[in-house]
Every structure is written in structure tokens, then in C-alpha cells.
């Protein structure tokens, strides 16, 4: 439940960013603070080396970070779910081919692939989403396929088939509703991973430097020598925000998993 | 923790000087390397025929003790010193010079050939003499940054092999030789007591690579390294107040500019630069709309100087500073006035001006480098100012590769990049010549082309007198400044910091504020020595507020866990059955 | 072979199965395929002839793994037969008729819990068939009627419940209601009660009997429980390793079995006061459809062979080489045994 | 029989994956924007003629199928081309950097696996206890931390002058320090401590979580009741029955995770200037040095494939059931 | 009342004697009373059958006998094994008692054996645990003997559980249960998952072993007909309680409790025309242990329920067959005609 509260908090912050902080504070032009001012009443989280309020950056950064997290996850889910359900449902050589393909993607180490893709595709928010999306679907696909296989074998599917139902009916009425909760729980875990991935890619300088996300703030701070300058207020807020959000997503994911997976329940 | 104020690696009685940097060595092969750390090695390992003096970069004796130019200016005679030996004991002779130059000329070795391209013939009447004739009169040979290589080593390396030859350790004639190279880690060089310029006073020089600037700064503070090179402003600032450490803003030949696409269509049919940028008045108006002082203060935190022309003040003899009245002062009204006058008006009321024919709005693609935060930050200021003069910009961060491609294909309007020219202005001047425009040439990134300029460029190459040449070069700079294919934003500085409580003998090249390490020579390294008298011991630095925040951050949760453990530690017995 | 037992069934056969074969190829890994290993094939149904008359209840009995479920699924077109023919109402069943066929013939599954989608209400589960076949008429009226026919009264009470909110017996009734909603002519029930508690089974069986009496439904009930066959069936077919080895009127087959296998099955049924150790229990493991013995597939386990009676009759050789066919030994009572 | 079949199937599978990675790798680097030789040339300020020469060097003028044949042949001969940046064969460049990463990743994997599994086991055994709750929270938090951020914190806490100065700030050994013998090993160990700790902390949480839930799963299985019924102590039940079964799913996950370990190594090596393949990757990325990136990518993929194969084989060894399946 | 005391008397000197055993499982919706005051005895060499519908608490009893229930289950009452109370004994003593004095064969043998350990090793484990002196060779020899005793070749000791068929696995389980020569064997639905033919094999094996080894045997199943053949006595459970107890055959043929009628009626006797086209059994569904009906928990399904049933929870009454039944019909005061016998 703590997870939900934290999530709610950050969602509200992201949505209400324009109310909480002036977006002009994102541009050094509109920045009013001094260079690396420590936290004060005016700047509760201090300023960065361009005089921007770190609080403003963190608040607006939540938008990009969460957005990347959600869109990348959505992309990964769609790919994973389509491949997983198609493979599981149709079976046969189609399944073999699709799952081989998935396995290939599964063993290719994520970050090197993301690095290669990002350096080939160029640095933009869209590419980051794309890269995370297309590198993180295989896990979902496997999971969805396994669940589809098990749902497909359930007698009610056979019953519907015996009633004369076609593939579309079976997939939409029986498979999907029963796979969906799992996809959903998985989605939540993937969001956490996607947000972490965004951070890592941005940290390596593969993010879009024109969009402020928690990852880019950290990159600026890291490369701007925040630590040696003693500017902890520059490193901490985005880092703690990441930890909290990822933690919250993970906790919600596990909680859902536990609800959906009765075996984990207390015996 | 207190450190004994001794040099970093004085173990085993050796005097070791350690510098830290964030850049890795790429190769020890001079035909291959491009990274600064490699050049650090070359400066210490090899000699030039003619060195650049420490005080003002003027020609000074290198392997050549003395030289002579014939009256027609075409023939140069160099006297090679007889006290120079290669690290393996072989003597350095005129043949080595001949060999090196010839090899570069024959193989058209990329980074070096430009320096000596005017050479016609090389003769070696005796071991100690080199006679070079040039096709035209030139001063180029005195500023040629070509490392002289030992013939007896390199003659066995074929042209093909040269591309991948490791050259480890390199055999040179300089004051230090490489003894150890841990890739990605450090390299270690030992001094060569027989060096013709006198034995260095340190025994050993270590170059350590830090990928994390914070670690580098900490290492300097902790005394793990003695010198930190190429720092960013923030860490640099943090070192300013530290006792025992001296900081230095080194004047280096470097500048950043906003470049415009002023005519790619002339050479590339499908280039798509914005037509408004062909109009010099638009560019001048934009030059009026950039407050360089703000950028210098806010983006560079004041480290560097305001930029004007394309030859940096580093090349003191050749830098031209426009007169006060000729400067494009920051003046948004003036900028607006120029644009109004030129007929670029906002006809549709969207706050963006259109072309005089009322068509295309002045909306420019503005590329910055995703690898370089300063360009990103600058763009946010520039965008804002341009908005105020009715010019819209779409800022996009590209990696260098993509940006290079865009420029090469002429598919851009404006970009932010920088140059690091040689002390001699020839190269930086060359990039504005017509011949350098892609796709035939390579270096022009503004597609600037001007007949008069090209003529002057040829002229400066062949003027044998420095002062006379400078006049021509002034004119050229003035022209480029006024035509504004570039807005030169600033000349940045190399931020350096070192343990002044341990070391002394640093020499600037050039004086008074040049680079403390190897600007274009090995002066510091030969002169460097430990502080003799025991300096004040490092004062105990108490844990700063900063430390406690971190400690709290980690200890807090741990404590909570511990408390939770204590509270919840109930029956732990085995009986669960 | 159109005997219909005690004559409950009137009219000709509704469903005829002719020489049906179904086989499954064992899973073939990519690697194994490359290495040229041949797939192991399970001949789950290996030449079955069977017919069900209008209004007749036929029980299909046999050990676990003998192919009962596979036969039932093949009849419903849920697995593709390797060969053979299924005729419905006298006409061979073709692929394009499948939808229509599945409206007339309904299947009831063994596990009522599994057969209901946990995310559908009972109403939706029952209405699903109506929707699939776009049956005209008021949907809720039809659903109510089906639920009521299946003994769930008042039907409205169950509309919005989810499967987990009703008991196992009621779930099986819901499944049956789902089948009844389409007003089928025949129901194929695969172990309809084996997952239910003993005490509740009776109710479901009574319901099936009642449906036959009221609507003239034909029923094919798959079961491993001969007692159940005795309770409800008009005719009993005993299956062994993919083939029917004995078929005939329930009373005749169950009280005077002809096939040694049927005899053995009846022998092991517990009996009050019976002595476990005193009876002949078939030894060895359940048969494996990937390795069907040649000749009479039962001969390796046949007590008659083991006791030497077959040898006495000089049938040993025939047992090993010749596949016995179903022969009518008593009226309407067929058996596939060389010794009978 | 079953065992051999399982083995061959797995090996064949791994080979197929390898082939896929090879092809994928080739095409990935052919969709690059622009012409690598030109990019290289411009960075090195080469005249136009030199560019042509480079193109020849890199074989970019051949038709694509020919390029692929060359690439495949070269790759099989362990010839990965010439690094743009280092101008030496990619294989050699990588070779020079491989051991630090093997050391770091090896220590981190072993450390995090052992500690993580132990924590998971103990947590599951004492489900709901203070230790369980604490370790669960700890695992979740470290799992949620970007490892480079954690690394930076540890660096500042334990190595910087504003921290405890217990460990060096980076690199693998003290320059000019001992190059062999015990002293050398100690020196490397001191340098290894923080980066390894960072990776261990970053990975440990996940392993603890996996092991915990896997063990909880297993603890509910019937054979655990059988074991208890036999009169085994709880510790024996755990050790002999629960843990061996719970390890099964964990083995695969640990292997699959190697991909993430490699990723973690990339950022952690950056933070700690650890001269391994991760740092090399970042250098190659910054150059950008495509042949090197290609070689590194291939190597990482192969490493993970091999690790997975090994995991599969271990799995087969641990679980007699899969051999027939 | 009087009857209950009589039953207590009868128990003196028996191998196992369970007194008023109750088990409650906690759950989100409140405690689940799975077993509610169960009392029974098993004498040495006796076979007691425990019958009842799914969920009536049979397995819970089996687990409670060796204290194998989850730690959060609330267990009250007494389980006297050779006079010692299993529920209160020290854990060390309990471990010693487990398997040595009483062992269990669980329902699904596949799941009751560790899938990654060889069958032989799992058997040896029990032996060595309780006979610490046993060396490897002795252990192996003993495993071989045990396996052969249950009709498996000794070499099967080297197999993993999945390499055995269902029947073989069940035999191996039985061999394991016999490893320490227990006095009491608890068999919890050992044949439910098995095919009829294999079930018969296992049953006859159990019977044979019991006879040879003079084992006390508790045989749990929902299939009343199986018990009739095998058992000396049968206890029928309903909703966590024993509702009828008595000689096996008598209970099957002439049950005193209406629930037992239904249960016995749902196993048709082939050839008996009474069952032909007349499925027996009971209407309604088994009760939810969390929402038990008042009074006699069986009354909503009882064909012969009368006025006092919804209010009075019946105690055990002596029945004509010599056993006892918890039905108010047997109360001579409430139902003067007496039970239909």
C-alpha cells in the first residue's frame, strides 16, 4: 500500500508540475538562483550550476521519467503480449519461430544492445522509448506465452471451442481476460525497469539532453562534478525520486503478483 | 586523514609525478593517435625539428640547433644537434629528419602532411645538416608540429603496418620514455638522464585515467595524484579553496562558435539550408542578438574570454581583435532594426518573421552536441534571444557523427561546435576557403566562400615575414567576423589544478597564462621538482556537512532495519510443526 | 450392429463413428529433429467403431489413458482424426459443417470448475453458446430456461454469480445448462461426475437421465467407473488401448462379460466382504499407446494367456499376430477376442 | 539417453542463438547513419584520398552479401576488424581489457549469488520475522537503485576525502605499485572492493527476492511435509529438500541475469574507472568506434549465451526431470 | 453422553487414541473449523477406515496425528500415541516419534517425494535418521529389501520419482513409510489418483503388509466401497466430525446415519437392479466449514430430518450394528420408533 501512496504522490507531482513549479525554471534563461546554491527557503533543494532550482528540475523531470517509463512499457507490453499470445495460442511452427526469436532477444544483454541501438538511432526521447521498448519485451512475451498456454489448455476454452467459438472469440473472450491480470502485474514491474533503464541510458549520455528527466539531471550532476563540489542537493533529489518510484512500482508489482499467484499467499 | 606532504609515488625513493585526466590513450603510434594523452606521450618522447618556445611559442632550438633561410626564402638549412640520442642509444642524425619528412610526404600521413606540404626536396649533405627547399617561400617549417621518428625503427614498418603498429614503447629522443602501459588505466614514463635538454629532476611520470571527474578531484585532494588536467568548472571551483592545491586557468587555442549554413547549395544540389541565412544582414542581426558575456558567465562560469575572431588570442601574434565600434554589441533593438530594414517582417502575427517575399518564416534548425552540455545550455539562452528578434529556432541535440553528417550534406541551418586550432593560424584560416567546402573539401562547415578571402589565404602562406603575414591574417579575420558565417562565442580555458604544496617548477607555455603541462613542449616536465622544505602538513579536514548527509542516508535505513529486527525478534524457535 | 440395448433408444443411430484413428506425435525438439530422431507417435484412438442411437445413453468405459477422452474430443472435432469417418444423422461430418454440428451436439467436461471461465458470470457462461451461434430470441429467457432445466432454480438468482461462488455440483449444472441452452440433440459427456463428491454425483446423473427422458437427448458418457455405467447406461462400450474390445447392452456386458479385460475390470471393483488378495488383478503397468503390441493388444496382460488357457486352445499364435475384430457373440453384444 | 539428448538440444539451441546474434550484429551495424569511414576521416582530419583508403580498409565498397561473407569469415577467424579509435585489431583491444571485467563480474556474481541466496533462504525460512522484513526491504531498495548512483554514494562515503578514505577512488591497481606477488593481489583487492560491493549490492536484492519466493513456493510442496513427517529437523528439511528444489528456478534466473550484470558492469566501471570491457564500451560509445562496439556487443552476447548454456546444463544436472522432458 | 463414556472405556490400551481433536485454520474470513472434536482409537493390527466427502477434514486429521499442520493452525485435544500425547511432546521427541512409530503415505505420491532425489536416498534418509548407526551398505541393503517387499525390483532405488509410474511411486512411498518399522501407518487417500487396476494392486499390497507386520492402519478415502473390503472398522466423517463409527461391513450394508446411507448409496453395486437407472446419493452440497448449519450440520440435506434437527447438535448414540452414530433418529426419546436399521 505504501507503494500505491508513493506512486500516487509522484503521479500527482508529474501531472501538477505546471502548478508546482514554473516551467521557465527549466531553462537557464529563466533561472534565478546562483551557481550551486545550497538548499534555502527560496530553493528548497538548492540550485544546479546554471542557477536552476533542483526542485523545479526534479518536479518536471518526473514527467519525462514517468512518461518514458510508461510509453516504453506500453510498447514492450504490446510487442510482448502480441507475440506471447500469438505464439501460445497458435502453437506449432509459428510458436517455435516466435519463441526462438524471443529467446534470442532474451539472451542479448540489454544495455549493450540499448547502447548500440541508441548510438545508431541518435539521441532523442522517442529513441530512448523505442530502445527500451524493443529491448524489454522478451520477458513479457515468455510470461504471456506460458500463461496463454496454460489458459489455452483450460477446459473452459475447450468448452467454448466445443460450443463452436472461433479463434477471435477465444482470444478476446477467454485468453485475453485471463492473461491480462498477469500482463498488468508484469507491466508494473516493467515500468520500474524502464525508468531505471532511462536513467542508465541518460547517465551514459544517450538521453535527450534537451529534455529534463531524472536521468539527465543525474548525468549533469555526475559530469558537472556535483559530488566533488559537495552539491549533494543536486545528486540526491533525482536519485531518491528514482529509488522511491522504482520501489513503489516494484512493490505494487509484487503485491499484485502475490494477489494473482495464490501459491505465494500465506499458508 | 593526514597525508605526508610528499609526492604521490615517492615509494622506493623514486620521485614520481602523477597526473590524472579523464581521457584514455588511444595509441602510441603518432600516425594513428588523436587523443590528448597520446600527444602528452609524444611531447615527452619525441622532439620537433624546431621547438616552440616556452615563453611565446616562437621558434626555438629543437633537434635543430640553428637554421637559416635563403634570401629567396625557398631554401632552409637546419643544423642538427650532435648531443641527441635515441632512447636505445643510437644517435639522432639528419637522416632521421629526412626519413620522417619523406615518409609523411610519400604516404600523405594525414595529420602531419599539412605542416610540410610545401616542401619540394630534402637533402642531407652530412649527418648534422638538413637542407630543405620549398615550392614557395613559407614560414611553415618553423611551426611544423612533426615528431621526428627514428629511421632505424620505422623503416621496417611498412605503410600497411603503420596503420596498426603499436609502437609500444615508442623509441624517441625526448626526456622521458614509456616503461609501462596498462590500457585504460595509466601509463608510466621514466626520465632519460641523457636528454640533450638536461636530465629531468623527477624520476618518473605517471598518467592516470579517471572516468569520473569526482574521483579525479578526490584523488587530487587525497594526494593520489599531483595534477588534475581538463577539469570542469564545478570541480575546479571546489578545489579553489583547498589548501595545498593551486588552480590555474590555462589559456589554450580553443573556441566555440555558432556556425551558419551560408550556402551549401552552391556545392551540394540537395542541401537545404534556410535561404535567410544567405543574407549577411540576417547573420549580423543574429550576431547582435547573442550576449556573449552572459554565456561566458552562466555556461562557463566565467572561465574563458569572450570570443570575437577565428584566430584565438593564444596565437598572440596573429589574433585580431576588432575595434570597439566594429563589434557586434549585444543589442536586440539594433538586431530588430536590421531585420526590419532588410525586409524580414512578421506578416502573419505569429511573432516569427518571414522572408521578404512573405513566404518562409525564419525558423532555423539549431543543432547542438549531445556530447557537450555547454552547447545544450548555450542553446537555451540563444533561443530565447532569437525569439525576441522574431527568429524561431528548433533546437535538437545530435551526436557528433550525426551532426557531421548533417553538415557534410548541407542539411542544417545552424549548429554549435568548437575548434582547437594550432598555434599557427594556417589551418583554422583554411577552413573558410572555397576549396574546403564539401563534398570536395572536408573542413568547411559553414560553406563560406569568398574570392578575396581565398586570395589572402594564399598570400599569408607565402609571406615570409611574421609581421607582414600578421597583417594579412588580420584582414582575413576581420572579413570573416563581418560576414559572420560564425558567431565566435568564447575562447575557453583549460582548467588545471595541482599540489603546489609538493611540487614547484611549473612553466606556462606561453607565458603568462598558458598550459602548465605540455602546451606544445616538455618544459614543465623537465623543470618540475618537489617542494624542498617540508611544507605545512595538511590540516585535518573534519567531516563536512556533506559527509554527514551521505552517512545519514545510508545509516538511516540500516538503523531502521536494525530496530525492526530488534522489535520483531520474537520466538525464533524451531517448533513450527 | 445397430442394436440399441434395451430399446430405450428409438429410431436409427444419430452418431456413427467408423474406423476412427487419432494419433499424437510426440514432442519433437529442434535439436532432436536435427539429429534425425523420429517422433514417437501415440495412437490414442486406433480404429474405433461406435454408434449412438437417438435417445440412447451409451457409456464408454476403460482404464485411464485408453483413449476415451480423445475419442470424445475427436467426435467434437476438437482433435483432427488421422483417418476414419464420423457421421451425424446419416451424413458424414465435414469441416464446414462443424459449426452446425457443434450446435446440435454439445460436450460436457469432466471438471466443472475448469470448464467455466472464472471471469465470466454464470449468465455469460450459459449465454456464450447462444451468442456464438447468434440464436434468435430473448437471450435472458433462453438462459433462464436452460438454468431451470438444469435444476438451478430460481435461475435469476444465479445470473450474476461467478463460478467460485457456487458449489461444485451447481457448477456442473451450469455447464450442462450451457449445453442445454442450444437445445442440442446429443450430449457428449466426458467423465461428467468424476470430479464431484460421491454424494453429489447422483444428482447430476439423475439430471442426465431426466434430460434424456424429457427431451429425447442422446448421450455418450465417458467414464472409467463401471458402476456409473451400470447406473445410467443403456449400452456399454469397453475400450482398451485405443480400441473398443466389448460393446453391448449394459446389463449383459456388466453381468456376463465376455472379454477377459472386462472381466478383470469388474473383478477389481471393491465388494463388501470380498477378499482383495484372492482375486486376479492384472499385473504390469497401464498400457502405452506409443507401443501397441501386435495382434491382440491385450495379450501381454491377458489372464487367459497367462493361465495357459489360450495355449490350450491353440490361440497363442493368433493372439500375437492377428487383430481380433468385434464379433456378435450374443444378441447385440459384440466382443473382440479370439477366445470368446 | 535422455541426458545426452537434453545436452545436444541445448548446445544446438545455443549455436542457433549464436548464429542469430552474428547475423543481427552484422545488420545492426549496417544500418548506421552515414559512412563510417567518412565519419572517422572527419574526426581525424584526413584528406579525401585517405577516406577512400579507409573505405577499402573497412571493406565498405563491397556489395552487401560479399560484406556479410567477409564478416562471417572474419568473425569465425576471430578477426573483428580494426578499432577506429585505437587503430588496432578489435580482438586485441578487447583482450587487453577482458580480465578486469571477468574479475569484477565474477566476484560480483559469486558474491551476490551466495549472499543473496543465503539471505533469501533465511528470510523465507523465518518468514515474517524481523530479519525477513528487514532483508525484504533492503532487497527492494537496492533493487530499485540505479547501480551507478549507488556506486557514487559508496565512492563518496568510503573513498573520498569527505568520506572515510578507506579505499582508492578508482582504477584496478596503484600505478607504479607492486606488479606481482601477494602485494599486487592485495592492491588489486583493495581497488576491487568498492566496485564489486556496488555490483553485489545492486544484484543481491533480486537474488534474495527470487530465492525467497522460490523457497516459499517449495516450502508449501507436499514432499516438504513428507520430509517433516520423517522426523527431519527444520534445518535438514531446508537443506536437503527445500533448497535444492528452490535453487532450480534460481539457477536459470541467475544466468539470465548475467546480461544485467554486464550492464551493471558498464556503469559501475565508468564510475570507478575500472579498466574493463564496460569502460571500453563507454569509450567506444563516445568515440564512436563502431568496429569496437560491434566486437564488444558480440562478446557480451556470446558470454551471456554461454552462461545460459552452462546454466541449462547445471539445471539439467540438478533436476533429473528435465533430462527426459 | 453415556455412549461417549463407553467409547472412552473401550480405548484403553489402544495404539492410537485421539481425544476430542479439533483443528482451526486461520483465514481472512475468520477461523475455519476443519475438525471439530474428533475422538477415535486404533488398536494394534487394526485397520480403521476414515470416510467422508471432500473437505470434511480427513487430511487435516492425518496431518494432526503427527503434528504436521501449518504452525498457525490451532489444534486442541489429545493425540495419544502409545499413551504419549503427540500434541504436547517436545519437538525432539516428536521428531523421534515421527516415522519411527507412525508414518504417513500421502495422497499424491508424485508430489510427496522430492523430485530431485533418488528414491533410494529418500528411503535411506529416514532409516539413517532413526537408526543412526546404519552405514551405507546396510542402508542400501535395507532399501533393496523394502522395495522388494512392496513388489519393486531393488534396482529401482536408483531411479528418480518421475521415472516411476503412478503405481510404482505409490509403492515406493509405502516402502518409505515402512522403513522404520512403524506400529502405525496413516494412508491418506493413497489410491485416489490411481487407475482402478493399479488401485486394486496397491490395496491388496497394503492389506498384505498390514497382515504380515501387524500394523495399525488408518486408511483415509472418500470411496466408502474401498473401505468395506479393507477395513475392520469405519468412521464416517461429516463437516469435521465423525458422524458414524462401527464395523466396516455393517456400516456399508446397514448404515445408521442418513449421511452414510447416501454415501453408501452413491456406490452402486453392479448387478443389483436396485441401482439400475436410479442413481443414489444425496441432494444438496457439502457444507462450507465456515458457515455450518445450526444443530445437526447435516440436516439441510437430510431426507429424514425432523423438528429437533435444526436445533440440536446430536451426540453419539449406540447403533444397532454395534457401533455409534450421531443422529437424533437414534435418540429413543426424540424418535421413539428408533432408527431404520
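Letters A, B, C, D and E mark the chains as written, and numbering starts fresh at 1 in each.
Note that a contact is a pair of C-beta atoms (placed from the backbone, for glycine too) under 8 Å apart; a residue touches a chain by one contact, two chains touch by 3 or more.
Worth saying up front: this structure is predicted, and the values here are computed from it rather than measured.
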Chains most often in contact, by C-beta pairs: B-D
Of all other chains, the one whose Cα centre sits farthest from chain E: B
Separation of mean Cα positions, chain E and chain A [Å, integer]: 53
Chain B-chain C separation of Cα centroids, rounded to whole Å: 86
For chain A paired with chain D, centre-to-centre distance based on mean C-alpha positions, whole Å: 22
Distance between the centres, which are taken as Cα means, of chain B and chain A, whole angstrom: 40
Residues of chain E touching at least two other chains: 68, 94
Junction residues of chain A - those touching two or more other chains: 100, 119, 122, 205, 222, 227-228, 230, 267
Residues of chain C whose C-beta touches two or more other chains: 30
Contact footprint of chain E on chain D as seen in their complex: 221-223, 225-233, 240-241, 244-245, 248, 318-321, 324
Parts of chain C lying in touch with chain E, wherever the complex brings them together: 63-65, 167-170, 197-203, 205-206, 209, 224, 226-228, 230-232, 251, 254-255, 264-266, 268-277, 279, 281-283, 285-286
Complex contact set, residues of chain A against chain D: 100, 103-104, 106-113, 115-117, 119-120, 122, 192, 196, 199-200, 203-206, 218, 222, 227-228, 230, 235, 239, 242-244, 246-247, 250-251, 254, 263-264, 267
Complex contact set, residues of chain E against chain D: 63, 66, 68, 94-100, 103-104, 106-108, 111-117, 125-126, 129-130, 160, 162-163
Partner chain A, residues of chain D touching it in the complex: 13, 16-17, 20-21, 24, 28-29, 31-33, 140-141, 143-146, 148-149, 152, 155-156, 160, 162, 209, 213, 216-217, 220, 256, 258-260, 262-263, 266-267, 270, 281-282, 285-286, 288, 293-294, 296-297, 300-301, 303-305, 308
